[in-house]
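Here the chain labels run A, B, C and D in written order, and each chain numbers its own residues starting at 1.
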Amino acid sequence: MKRTNVIADESAALDVITDGMTIALGGFITAQHATGLIRGLARRRVKDLTVIGSVSSSLEVDFLISCGCIKKLVTAYVGAESAAPMGPFFKQAAENDSIQIWECDEIIIMAMLQATMAGIPFYPVRGGLGTDLPQLNPDLVPFKDPIRNENLLAVPAMKIDVALTHASIADCYGNVQYDGNPYADEMIQKAADQTITSVEKIVPPEFIRRDPFKTVYTADMVVRMPFGAHPFSSQGAYIEDTAHLNEYVMAAYMATKGDDVSWETYRKRYIDEPEDHLSYLEQVGVKSLLSLHEY
Amino acid sequence: MDYHIKELMACRLSRELLDGEAVGVGANFPIARAATLLAYYQHGPNIKVTMGAFRVNLENADQAMNMAFFSDFRPVRWAESAMNFSTQMYSFHKLDTFFISGIQIDAHGNTNLIGIRRDDGSFKFRGPGSIGTTTLAAVARRYYIIAEHHNPRVFVEQCNVVSAMGFGDGTPGLREELNLPGAGPKLCVTPLGIFDFTPDTHRMRLHSLHPGITLNQVNENTGFRVEIPDNIIETDPPTARELKTLRSRVDPNGELR
Amino acid sequence: MDYHIKELMACRLSRELLDGEAVGVGANFPIARAATLLAYYQHGPNIKVTMGAFRVNLENADQAMNMAFFSDFRPVRWAESAMNFSTQMYSFHKLDTFFISGIQIDAHGNTNLIGIRRDDGSFKFRGPGSIGTTTLAAVARRYYIIAEHHNPRVFVEQCNVVSAMGFGDGTPGLREELNLPGAGPKLCVTPLGIFDFTPDTHRMRLHSLHPGITLNQVNENTGFRVEIPDNIIETDPPTARELKTLRSRVDPNGELR
Amino acid sequence: MKRTNVIADESAALDVITDGMTIALGGFITAQHATGLIRGLARRRVKDLTVIGSVSSSLEVDFLISCGCIKKLVTAYVGAESAAPMGPFFKQAAENDSIQIWECDEIIIMAMLQATMAGIPFYPVRGGLGTDLPQLNPDLVPFKDPIRNENLLAVPAMKIDVALTHASIADCYGNVQYDGNPYADEMIQKAADQTITSVEKIVPPEFIRRDPFKTVYTADMVVRMPFGAHPFSSQGAYIEDTAHLNEYVMAAYMATKGDDVSWETYRKRYIDEPEDHLSYLEQVGVKSLLSLHEY
């Protein structure tokens, strides 16, 4: 008997995620999203997903909304900071009530992840008392602590089917390492039933074992996806593609104002027509990709 | 000396920060970042400065960089540690201070990053989301509200949605009653002036007017009745030393101008 | 073939572990460690093997090392990851199984690592402490009790102190009622035999006698009435292949002999 | 103005800890304790300490008990595994009721640390229900969760004055890195008001900045103490001194059986007479120290 090799190809990984599932996305705002895989979900028009968006999330959530994939969204932010204060489709969907939003801040979402990964029904927090969050999100339950009788908010655990993360390297056994900050990916992985991780590079197990303390978690499935976070940054590999972010934001913004032309063009070129991640990268082009160095 | 109003706001805020304090700054918040770095260079070598998720040592950095994105990797060049979200996100109550803004800021220092609802509860206008502010406003020892624009749309009697609690409806002792460990907003800094809160009902009160600004301008641009003290003082403008450090080391690209 | 009783216990236990399972093993618990490594080499290349705080890959290790101390650093040579206590200690409910022992083991599979009290509550005999067992016994999917010595001092009707709950007083559904996610102890493995628990009241029941052991020996050495099934089977002794792997790769220094 | 240098000498560090304080010890069982500093507390006979013993602790807690330093002990284990199933003085003190024991298991102690570091009054756990722990430790309060009405145990936070940890390296600003596993030291540091860390080696800040992701926390005070964990291991530097552990255990065991001679000799030679850590190491001897290599 041999130990299982967990390297999968893109389409096998995408097959895992089906309509109605709850998925958690790794990364943080404009970094380290498994954008290649998430784009695949958008292309396939997977439906009725509950999406837990990377504590604070960005345009990967925005295009999932645009492609009709999201039923319920759990996140503290959708935007791209200086490139876009808000995701245009997120704003539109929130104003049209076309998605459910599980209102929270970053610490409340982390509390949900902590409860889930610890196998306990809830985690107590202080933030949110005296705000409108418990009214907007009835899952957040005010209660008195059983020891000092203080006011707290109970944040419930959530069942998470699949975590989608993006990292620097992994080996064929799923041991994942980051050249930068894993942000909340460790919690996300531990809270989910199953984790699929796209990586810049697959390395021999011997490379992982050079520094076992760098291994953040062991994924159930690993997909090789160079530039897999594009147009976001992948720490230690490339920075944000600001031009591409701007192109997206402009097209999406126009679409929410009633002018679909640029967005249709964007969506066809970058989401729908490329049959896989490499074809997407071909659309972006080598010159753009290689201009995203960090120095 | 000539300065931009945002430079004044940054200089004024920098004087609030004490050496050794732990200060939280988000990305894409140039006044807050400039205030923190300026305090670090002027009088606070032990201020715990973060750039994105990095704690940095900028002692030998000729120029800091702009942070267009929180996750920009490049401050790694100055980093001595990196925030581990899986353990550190819980320690926000150890922050001495942070900075907050809002699509609405109300008379009792509550802020709104979520949106504005119609009567039926649906959103007429949706904001970006709470980020970390709900918890930080509850637990950080104190914090500062920064408004880049001072107008009646932003400054309202009561936020339509409260995403971060300042002093609620102003009931004395409300934060203690809710067991919120932090003291709440200390000042609100705008292009017109500096505001604090009355000690009893925690209502926003003019603290100082920026040079050249009139009381009338404040009243006209605020959507609620601002408390006015007997003596109105003028905000101390940036000193030459502050401006020099600001322009040479903190904001060489002139984001604040 | 000649074997030591601890070798039999390890071989028997190893057959319980399925490929791919996450198995927790403390240090200084040679039978449990041997059972896990043996399962890994015999039929479970995907068993998640830990040595101390390391998850290890022993594929190319000619011989595993003894673990006299949990924190022994030297298994780093085979390590592919290390347990981060600050996040991983909370994930014990993802363990498929672990092994427990006790200064007392009772008729309902409860165990005691804390001590034995006098009537006034003070300790006549103090044990080492619960380590991680209180939580693991509550949350791991199932677990195995290992007793190196089978005598009436260890096997008692009721533990004087319960540090890890098996089936409490045997009330049907008690674990579910207490919302303990794990199924509790599956077997108890001793030098005399293998015991399981009756499905209704969860009382310890003889499952098989080791070769050469009589029912009388079991009854005489147990401080409570053991349930006896109609057909008493004999524990399958180690196979030649098991013993070969055990002695060459798992326990080359003969800790079990 | 200049940034503060946090390097302190041994006696300045020990001065921080006074009678009646609550201190938390880092490391795990036989590794990575700040034994040098803890020995200093024993030598000084600091009194009435509440000691939170490294999740699971070892003989450093045992000699603190013997020297009359501990009033209340929070730990899930006191022993040295194969070298000693239990700490002899711990066993004696527990049987004589001469110290209070806050009964718990490792996850309950971690839950206490989590609550403390998160600034919340308690943390909910499942383990302990159906056991005698809540009876032995009335601080553990059974309650029903406010969301799903499940049975849970509330573990309270604790005010911790000082954490004492031992690491591989630190710089003059207190940035601490480990060549091995930090075990629960990060939580312990975050839960304490102040942290004092002994290190094998002090390095320039530039060395720390070579890999900022390796920094586990920033200590308030750093003390240079090569072989500071002895007779325990310091990962990446030296293994356990089993001969010394055995010498300790034998002497301590005899003392609890009424024969004080060996223990008096041990205590004088290793705890009371060496005026500082280096003098202690002189007693151990170069040959012993340098035999503790890892290969």
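Note that in this section a residue touches a chain if its C-beta (ideal position, glycine included) is under 8 Å from a C-beta of that chain, and two chains touch if they have at least 3 such contacts.
Model, not experiment: these values are computed from the prediction.
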Item checked: Result of counting contacting C-beta pairs for A-C and A-B, higher pair -> A-B
Notebook entry, point to check: Taking each chain's centre as the mean of its CA atoms, how far is subunit B from subunit D in angstrom?
Noted result: 40
Check: Quick one: subunit A and subunit B, Cα centre-to-centre, how many Å?
Finding: 29
Notebook entry, point to check: Hey, what residues on subunit D touch two or more of the other chains?
Noted result: 119, 125-126, 150, 152, 180-181, 186-187, 213
Check: Touching two or more other chains, which residues of subunit B qualify?
Finding: 76, 82, 84, 86-87, 90, 93, 139, 181
Next item on the list: Assign the assembly's chain-to-chain touch graph to one of these shapes: line, ring, star, complete, other.
Entry: complete
Margin query: For a test of understanding, state which residues of subunit C touch subunit A in their complex under the given definition.
Written below: 19-20, 43-46, 54-55, 57, 59, 76, 78-82, 84, 87-88, 90-91, 93-94, 139, 181
Item checked: Residue numbers on subunit A that touch subunit D, as the complex places them -> 119-126, 141, 143, 145-148, 150, 152, 154, 156, 178, 180-181, 213
Notebook entry, point to check: Which subunit A residues qualify as touching subunit C in the complex?
Noted result: 1-4, 114, 117-119, 171, 173, 175, 186-187, 190, 205, 208-209, 212-213, 215, 217-218
Margin query: For the complex, give me every residue of subunit B touching subunit A.
Written below: 27-28, 53, 68-74, 76, 82-83, 85-86, 89-90, 92-93, 110, 114-115, 122-139, 161-165, 168, 174-175, 177-181
Next item on the list: Could you pull out which subunit D residues touch subunit C in their complex?
Entry: 27-32, 55-56, 75-83, 85-86, 90-91, 94-95, 97, 103-108, 110, 125-133, 136, 150-152, 180-184, 186-187, 232-233, 235-236, 239-240, 242, 294
